């Protein structure tokens, strides 16, 4: 099972551990416009790399921006963190994995991992998102739509999708 | 009087010419992230350079996005054209002038000129904007808010601002 | 045969017309970060859309930036023009075709066409690129590498690739 | 004295504390293109906000990219972290402060603070940069150019500049 790099998982209680993370992987090429004068992808573009994987995750699992919006929720980014280990170069293909780790709190904890063609991990990071109503009020507990999602997650309903999206 | 490079001005009728263009000039530094591997500002960023001058114009003359929006109008870009004469480099300061040229039609015709520190024109271009209602309907004639604006323009009400903003 | 929207083709001489354009089509999704407060893709991002198709074209036909660079050539954008017909929305899939039209001059004349899922043309445009040496000197005639390319183009060598890339 | 939010400062030894941080503040307006469909500045653009302040810092204190480059050094971003407390809106003016905190190691530790017009802190964050030679070798100790800089910092040579730049 994929272990978190940044987030702590809730402790096992009575031998029951929290659900395994859900993952989605995409591939992307580094664009000319994303490369800086040092001939590497400019560090600021990685927020876009992470987001592309997170958006694909949302579409795969039913947590897309439009799904949330239809349920009266927006989930703005509260925190981002990126560790740059190796640079990416022009036209280099990379794979970006977004993994949602379980939290008992009303938040989305994603970790990210970017690998290059030789399967070296070039970048790691995470984001934290909170839930707001469309009028801007903070959800202190998980909103209903996400609570439903979490129940399916606990019941193992996403195991098939997981396999399909991790190809 | 500033002559248009791209737009034709309506002909003089009975010796009466259309109002002179309104201008606004800003300055901006080329950012690291905007520079490509050829060590010049990436050509795609110039739409942002033009927009920064156009936004400043809108604030100077009362044609800001929020002014239009409050009047029930949006003015999306219908056409853009850019001629790159000389490159801009990292941290180079440039001056960007947006000039609104008169049109009898329901559109905003802006021309742009970018000069570098040695006053060489590095870039020219233009944009055309149409007027839509907030529900997406095209205005075939100038919307009231812009018609008012044009009357002030014809009456020479902006001459003071013009001077102030061209400094 | 695909006819140019913007560029004039050289006249038939003795019944011999210039080679048909070479085309390459990619697909792309509109990203969250590319969408502006009007809920449409911001007009300035289309330079990136065009470039993505042009880069794919370069890789398909042997005119990639790195191919040119290895031959001692860079080909900066001299002119861009974009006509926006219909907006693109968040997460909308679009197809972008870059078509290189023949020119007897030392320049690359690309036209672009973007279509949405319902095959409506949302956007058209073109770019003009000149050839420079790595030290910044303008090529007045086609550089050798591109002259070779043009000979293959005239001989019909790309017809197979064309078919493959237009799928 | 400005205390760090994220970085630990070296302990006082024999009652001698490390030099106070060096600061530089700029102001910037949120651009139309930077605003997302939620009508707030898209979170990924803050790397640019931080960089603009860091670049201004470099020019103010003699640590500009080009200064470093001339000394045979590049200083890529190794880590970035951003905490979003309040959103920024279209055309909102904000002030961005970059503060360099002392480190005994061969790295640049910057903290950032963004405030809006009402002086509320909207955003905090930090970056860590390492030093590489132009051929990509990591500096394990401070390179000479930066060692010189640090001596001036310890000697209080920047106190005048500090005052000038914090206005």
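The first chain written gets the first letter, and so on, giving A, B, C and D; residue counts start at 1 in each chain.
Just so it is clear, a residue touches a chain if its C-beta (ideal position, glycine included) is under 8 Å from a C-beta of that chain, and two chains touch if they have at least 3 such contacts.
Source: prediction; values computed, not measured.
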{"item": "Reaching chain D from chain A through chains that touch each other, fewest steps", "value": "1"}
{"item": "Far-end chain from chain D, centres as C-alpha averages", "value": "C"}
{"item": "Separation of chain A from chain B, taking each centre as the mean of its C-alpha atoms, in whole Å", "value": "40"}
{"item": "Whole-Å gap between the CA centroids of chain B and chain D", "value": "34"}
{"item": "Contacts with 2+ other chains: residues of chain D", "value": "32-33, 44, 48, 51, 90"}
{"item": "Chain B to chain A touching residues, read off their complex", "value": "32-33, 35-37, 39, 42, 44, 90"}
{"item": "Complex interface listing, chain A residues touching chain C", "value": "31-33, 47-48, 51-52, 55, 59, 64-66, 90-91"}
{"item": "Chain C-facing residues of chain B, complex", "value": "38, 40, 43-45, 47-48, 51, 74, 76-84, 87"}
